[in-house]
Structure formats: C-alpha cells, structure tokens
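First chain A sits with chain B, and in the next complex the same chain sits with chain C.
Then we have the complex of A and B:
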C-alpha cells in the first residue's frame, strides 16, 4: 500500500502542475485576445483629448457615449455614413452567406452521394483557389470584374467572397454528408418521401451543425474582408465597414475614440452570432466524435 | 399484401454485372430469403425491388402493376435496414409516424396506427425517446414497427438481425417468423447467414456472382443442391466436396481420389457418374451421413483423424482423406484422438455427385 501511494503521489502532483500550467497558458491567451477588445472599448468611451493623454488614462475619468451617439445619428454626416457602411456590410455578408450555403449544400451533397464522371477531379479542383494567397487574384479578378461591368457594385464583392468561402464550405459539408448513412434517405424514400423531401426532412436537419459552421465561416470572411473591398469599390455610398472606417483617419488628426467606437460596433454582430450559435458548433464537434 | 415477380432482371455497372438475368416469383404471403455470400447481388436485388436502384433490363411486377419506372415511394413497400436507419433526430413516435405522415393521413388516424404498432411490438413505453437512447434490440423493433405501421404490399428486409448479439438474434428470428405467420405478409429477406434462411423462409433463393443458383424450399435445397456452390453454402458445417475421377470396371464403377483411395459406387450412382462430361466428378457428402469405424469394412475408405471438436451433444471429427480434410459427426461417446486411423463409410443414397467440369449436380 505504502509503496503504491509513494509512487502515485508525485505523479498526481505533476498532473496538477500540468493542469496549472495549462490554466496559466489559457489565462495568458485570454488576456492576449481580450485586452485589445477591452482597450478598444475603454478608448471609445473617452473624449478625444483623454484618449491621447500620456501616461494613458487606464480607466476613463469622464466616460461618455457621445461617439456612439454620433455614429448612430443619421442627421450627422459621419453617422449617416457609418449607418450606410454598416448596411452595406450586412448586405454583402448576408448575401454571401446565403449564396454560399445555397451553392455549397447541393454541391457537397452531390459530391457525397452521386457518382459522376470527373467527380474526384472536380472535388479537388475546388481547392485550387485555396492553394494561392488571396492577394494574387486581386488584379486578375479586378480585370474580370471590369469586363463583367461589376466594378463598384456589391455583386463583385459577393462573387469574390464566394470563391474564397465555397471551397472550405463544400469540403466541410461533404464530410457531414458522408457521415450520414445513405440508408436514412433510402428509408425515407421507401416511406413515401420524394428524393427532395428525403433530403429536406431527413438529411438537412442532421447536417444543420455543418451548415451553421459553414454559414459562420462565410459570414465572418465577408464581414472582415478589406483589400478586395478597397480595390473594387471607389464610390463612398457603396463602401463596406472595413474600408469605411478609414474615414476616421484624417491627414493630421485621427479621431481615435470615434474609430474605436466604430470598430467596437463592427465586432458586435460577429460576437453575438458566435454566442448564439456556439452550442451548435460544439454539438457539431461532439456528435461526430461519439460512436453509439 | 401482394405477389412480387422479377423477370430476367439485369443490373450492370459498366462492365460489371451485379445482377445477371434473375427471374423469381415471391407468392402472396410467402417468406423468401435471398441468401449468398457478400457481393453475390442479393442486396442489389432487394434494392432493385425497392426502387432504390434502376435496372438495366428485365421487368419487376408488384401485384398486378409493372413497377420498373416507379419511384420507391410509389411502390408501397416497407423496408427494414441492417443498420435500422431510424431517423436519429426524431422521437420513436415520429419515426413510426413518418411513413403515415408522408402519405398525408389525418393525425388522429396516424396516432391510432402508431400506438397499435407500438403495442404489437411492445415498445409503447419508448415512444418519446430518441433512437440512440434505445438498445439494439429495441431499435430493431422500432425499425420493424416503422415497416408494419403502414400495411404495405410487401416487406423487404436487408439483414435485419445481423447487428444483434447471438442470443437476441435467435429470439428475434422466432419473433420475425411468428410476425410473418400472423400477418400473412409477403417478405423478401436478404441474409448472408444460411441458417437464418433455412430456419425462417418458405423458399430460399441462393445467389452467387449475380446469378440465381437455386430457388426452392430450404429442405429441398438442402437435400438436392443443384451445384457445388449451393452444396457448399447451405448447411453447417458445409458439405464435404472432394474431387475424384471415375474408374469403370466390369462390375460397375468406382470413384478414385487423387491420392488413390477407392470407393465403389451404387448402381444408381454409377448411372449418375456416367453423365460426367469429362470423366471427373466432385463427390459431396454431408457430415451427418458418414459413419466412422475403427476397423476396416467392405467398401470403406481409410482416413486419419486430424482433429476432433466436441461441441457437447455432437462431436465433429476432421478426417484426413488423402490430402483433403473432411468433416464427419459422431456421438460424443466416441473417443477420437489425433492421428487415429478410421474407416469412413458413405451412405450411397446420400452421396451427391457433381460434374467435375461444370460443377452441376448429376441426376439420373
């Protein structure tokens, strides 16, 4: 007995040590990721003068929401612009997301279920775009968009974002469909469902976590994208948020609190989306992992 | 319930012929087992009947309708899958209700039928659970319930018992057979387990390489296999099959093993052997038809015990006959040791002779 406890005690202590090391690392990572957000939020509550003080005001002495009020006031030019950019971003991102899901779901299903000539080749060629850095396609895509007459339209961005988001979406969803036994659809079809009903009533609900993951990925990609939006759009009323935020940089002065308030509001939809949908995310990961 | 008829059904995948000219009729209320090793085309045949696979040629009739081009949903069949294929995101109640809902029955009628089926299968207490919370046997019942809730024209079953443990399988086998008798249902049952086919089916269709080898009542298939494949597939342990040549003599004929052992054929078997296309035969005999003696007797063949497997109520003796090993069964009180010399006596009325070249059974 004593021998056993003597052997096991240091081992258990070491496991505790590892656990604490893990906690410390996680804590540092949380600080690393959250601190900029916190600082962004604190700065957005300061006055323009207070934001530039040195040594910095760690905590705003006279917190104010005036920058938020200004951004959300359509009667001021900056507020009107911000709301328009926000609307543009929402439109581009939501349309991209819907289109990505609408294309990726049937494409992934077809890759998973049907045998057609060139299936493997097509499936891997979907990945071709992802083998190169996105910037490489900037000029070719710009030329293409000009030929199509799409420069300065949101359609140019939506099409571009789709080419970035779709490959991963198709691959991810195909994995989901591969894991859904084909007998489920066959059973549904024998039970009286058409092929489409079998897909809609049986397969779709089972692949919902995958579809949600795909949608989030597409949405965030489109929401944050800067370089293409900057290149393809030159008209002010069309700009999306990442590009529009430049308005806060002027030649001599930069409205830091205003910029931070705008940045903070820009991150709100993504954070909210994650908070609402994270349980589906987790379920998507755990459901596949546990065999029954 | 209805009759199901296949006529010269062919299914090809490119150059591969999965189902080769299969014709068979399943009578109304009959339990037919499609049996064969993996890849023999039995599941493909079942899926063809279900409408999940389009055929390349031939005709399928269910009742008086030709259903070649009908969608699965319009064929009015029910199917039980090997993995049960229960809808994992629906409760058991909704699983059972799904086929009725698809046929747009009023809710009150759906409820009535679901509860009746659940009661019949003793799963009423599980209706609010989800499939993954159920044991394998319970899932099996739900799968069966989803099939019979609708009163289809025929039941298709694709190895429904193969995922159950051995004890439960024996129990469910009896229940399925009983269920077939009570409902007077037309059942097409796919299995690779010849024992399931023999014990449950009114008729069994033995398939190999996409070809229907023999279609008859299990006892007839067992007694008169049409070729060496069926002979070796049906029955456990399998029928012993030994290649031999014919040796004509003045008094009759004998078969000679490739190691020189010799066995005189009965007059009837001589006439069968005469039909051999090239003078070679495959001699088949089941373990239960052999007798082992410790001393030489007229027209016995010498062998050597390779090993003996006592199973309790029967002992299987593996006997070396020349370079072949055959299986004979003896009562457990007979003590056999490895390398004992024994003399094998064949039952002339139950020796099967097959053509050495075509592997077909030889008949008078």
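Then we have the complex of A and C:
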C-alpha cells in the first residue's frame, strides 16, 4: 500500500461524521431561519377569528386573501395609506441608493488610487461612522433639519440614510478598485484618455458588481430604516413603510393577520431583490472586504 | 495600508518626500474633488450632532424641543446618571444583550459558514435562505416574533404544549426573567447570517495546500480547524465580532418594538433608555450626557476596529 492511500482512507471515514454534523446543523438553522417567515405568511392567510385560537390552526383551514385585498384597495383608507407608504418608501430608497452610489464611487476610487495627504485619516474617519448609533443623533439632527427647513420632507431622510450606507459602500468599493490592475488605466492614459475618462470608461464598468452590491446595501438600509423616519416625519402622507406598519399596529392592536400581511408585503421587494442580486453582494464581500 | 504597490507609486506623478505638506495638498488638489461629497455629507450629519450632544450634556434643559432656556450645570447630568439605581440595571442588561447576541451570532455564523464551505447541490439556495432574516425589515421581524411569542395565541407556546414540554403556554416577553433571552433569540436570528457571509468570505483565503499538509501530518478535522483554518480567520473574526458588538450595543428596534423596554424596565438597554429619557421624559441634558458616555465606549471600540482593519490590510499586502 502506498503512503497516499493510507492517509486518504481514514480521512474519508472521519470526514463523513463531520459532514453529517454539518448537514444536521444546516437543517436546524434553516428551520430557525425560515419558520418565523413561514408563520408570518400562514397567519396572513387566516381570518382574524381563525388567528386567535388556542391551539392555533397549524395550517389555515379557510385560507383567505382578504387582508391583502384590503391593503391593496385604494378605495379603503387602510389600502390608500398602505399604497402611499409603499410609494414613499420606494421614492426614498431609490433616491438614497442613487445618491449613495454617486458619492461612494468617486470617494472609494480616490481612496484606492490617489495618495493625497490625509488619505488614511479621512478613510478611517468615514469608517468610524459605523460606530455611532442612530438614536443618539436624533435630537441634534432633528434640530439641524429644522434649521435647514427639512423637517417633514423626504430630503431629511435621504441625507441621513446616505451616511449609513456610505462607510460600508466606500470600504467595499475600495477593495474592489484595489483589485483592478492599474495597468488598464495606464493603457487608457497612454491612448490619450484623461484621468477622469480612464476612471469613467475603464474602471467603472469593471467595478459594476461592486457598484451593484453597494446599491443593494444602500437600498435595503433605506427601505428598512425606522428611527429617523419615525422622528423626522409627522405627516401621515409622508410616512415610509416601517413607520406606517407601526401606525397600523397602534390603531388595530388585535388585527394580527392584517399586520402579518403588511409585514409580508413590505418584506417581499427587498427579499426578492436580494435573492436575485445576492451573488454580487457575496462576491463583493469576498473580493472587497476580505481580499486575498 | 499606506504602503502602496510599486505600480501605483509609479503611476502617481507626485514628487519627492521632501516637499512640504501644503505643496503636496496643492499637488493633489483634484484628488480631493473625488472624496469631497462623501466628506461633506459625513461632516453635516456627524460632526455637528457630535458637537451639539457634547455641549448639551453640560446643560440643564427645559422640556420641549425649543431648548432656549438651558442653563449650564457642569457635570451634574453625569452625576445624576451614575447615581441612579436604574443605570446599573440598564448597564447590566446592555452587557448581557451585547455579549450574548454577539457570541451566539458569531458562533452560529461560523458553524453555518463551515457547513456551507464544501461545494454541494443546493448550497446556493441554502445560503440564500439563511441570508433572508438579515434583509427583512427589523420592524416587520419584531412584529412577527412578537406574534410568535404572544402569551395567549403565540405559536411557540402552543408548540411547547403540543410537544409536552409545558403544561400551558409560557409567558416569554411578559416575564421579567425571560424577556432578555427571548429578545436575544430574535436578535441572533436577524444577524447570524452577517457573520456567516463574512466568515464564508474569510474561509476562501485559507490555503487548501496547508489543510492538505496538516492532513498528511495526521491532524484530525478539529485540529485542522483550530490550528490551520482559525488562525487564517483571525482578521475577519476581529472585524466581524467588533461590527456585531457595535450593532448589538446600538440595537434599538428589536427591544423597542417588541417590549418598549418592559416589563418593568427589564429589557431596557442603554440605547432604548436614552431614547426614553429624551423623547419620553424630555430630559434632553441627561440623555445627551448618556450619549456622550456611549460615544466614549464606541470610540474605544472604534480604535480596536481601525486597528483590526489596518492589521488585516497590512497582512494582505505582505502576502
């Protein structure tokens, strides 16, 4: 018997045990992860009466879409509100995402390529934003927004949300740019492109996956943000979904199926978008954050 | 991190190291145009609030958000905080909440990352499902879990009864002793997948040859993990744990939506307590002083964070 087979034989036996452990763990983790979401969906299909039973109906006996119909019906007050909140959330999230990409891309590029004085200091100052919690900025920011005349406008939210997304966006993108060979730009420069043209026409397209990842991150952050939206906006017609959800709850405390239906519809856009685009996000983390 | 590759050094036109700082700033003036928008936004939304919070923490403030008739009282707000009995209770809750959430989120993330490391059919789908809680709105998730924990109609209580583990549905978030663990379960549910993707990315940097070599030398799977894989994950681990710890320390939405700090303040952590002080009782000065203390803790963690990033950056360039 050769040395190699001696080594590989016992390995297979042992690895199987570990692999089974891995499978069992994954199975348990999938249940932990998915069960709450499944229960949210099942509850949203029950009537108010069917939901309030003990023991619960594990499977809805008379599934109904009435809660979804109510939320999407513009002629009812709840439906009209829900649709408006949804629109507000879309507007705020999309604008935040566009602004975040526009601000983060050049900054990350400069942090990766240029060697201006204060580069390291500025880079880490940006990253430090991650350390500050939203809540302690509430009062001063509220006062600042009042000073700027932005209270009760979506602009106040967009400006604030920008700063949540920026640190991670800049960090991820910088890692991406670090991995793009500088020779590509040099070639473009030799062919007569300006530094900005080389950036726009050569580097930007190559970093598209990183930009997509950054965009997803900003969008999800803006879509889900609650504290600032709760504080800065007091007018009903301006509210975003997380605040609107809380308002539904405050007004109809016992309408759990309706609340679950609203939660479900609120989660669908981000989850679908994330599932479609998640490989970019994972790749950006792999290549950008944890370079090798 | 400041060391640059030869290629990029040649690419830059900058002169000798002897030129003065101002000269160098001037030389690089167009570089600043790229970072300016980011810096301006950060300055508006961070620098001013930080300054204002520190100032406010030395003042006695009237209720109401006009804050015109405030009077200087020095460190009295800080003394009020440290002398209150609630402070130590809330601090203890915060420590338990932060440490337990971070530990379990990291542990589950690590286990999942290791289990998903090997290529198999359906791996992408499993990873995607595991990532969903991380993208679902925290507000929606809090309501869903509140419904699951509901003391009369909650599915978890019913499940425990059906399995014979309890004779009647237990109170979970309405119970002073159980509320914090119950909230930690929700928090870990939400964020373990963040640790998972970070560690999955880190696992790809572990050289396959090294694992083979260890195997040839007769190391068992645990030894291979502990002596080969884990040391390679050190950089990612530090960054992930720090980011998780900061996120947990500042985790507001789950305790706020699920319990509002109750019952009887047993699930108040610093951040919800500060919110309650400011917007509930309108004690802006005390809340600001609390915030300053929180700043200080964050800055200490921040120093570690930057050093960890720096270290993993340097080891990368060395490799």
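Details
Here is the rule we go by: the second predicted complex is superposed on the first by the 258 of 292 C-alpha atoms of A that agree within 3 Å, B and C clash if a C-alpha of one lies under 4 Å from a C-alpha of the other, contacts with A are read in each partner's own complex, and residues count from 1 in each chain.
Note that in this section a residue touches a chain if its C-beta (ideal position, glycine included) is under 8 Å from a C-beta of that chain, and two chains touch if they have at least 3 such contacts.
Computed from a predicted structure; not experimentally measured.
In the overlay built on the shared chain, the residue A:193 is in contact with chain B alone; chain C does not reach it. Contacts of A:25 after superposition: chain C is touched, whereas chain B is not reached.
With both complexes superposed, C is the one of chain B and chain C in contact with more chain A residues.
Of the two partner chains placed by superposition, only chain B is touched by A:206; chain C is not. Legend: residue contacts after superposition of the two complexes on their common chain; A:183 is shown touching both chain B and chain C. Contact with neither chain B nor chain C is seen for A:68 once the two complexes are overlaid on the shared chain. Shared-chain residue A:224: touches chain C; no touch with chain B.
In the superposition on chain A, A:160 contacts chain C only, with no contact to chain B. The interface of chain A with chain B overlaps its interface with chain C at residues 181, 183, 186, 195, 292. Chain B contributes residues 47, 50-52, 71-73, 75, 77-79, 81-83, 85, 87-89, 98-99, 102-103, 132, 146, 150, 156 to its touches with chain A in the complex. Remark: chain A residues 181, 183-184, 186-195, 197, 202, 205-206, 292 touch chain B in the complex.
Contact residues on chain A toward chain C in their complex (touch as defined above): 7, 11, 14-15, 18-19, 22-23, 25-26, 29-30, 32-34, 36-37, 39-40, 43, 51-56, 102-104, 106-107, 109-111, 113-120, 122-144, 159-160, 162-163, 166, 170, 181-183, 185-186, 195, 220, 223-224, 226-227, 231, 241-242, 245-246, 249, 256, 259-260, 263, 266-267, 270-271, 274-275, 278-279, 281-282, 285-286, 289-292.
Those residues of chain C whose C-beta lies close enough to touch chain A in the complex are 1-2, 4-5, 7-9, 11-12, 14, 21, 24-25, 28, 30-35, 37-39, 41-42, 44-46, 48-50, 52-53, 56, 65, 67, 108, 111-112, 114-116, 118, 124, 126-133, 135-141, 143-145, 147-148, 150, 152-153, 155, 158, 161-162, 169, 189, 192-193, 197-198, 200-202, 204-205, 215-216, 220-221, 235-236, 239, 243, 246, 249-250, 252-253, 257, 271, 274-275, 278-279, 284, 287-288, 290-291, 294-295, 298-299, 301-302, 305-306, 309, 312, 316, 319.
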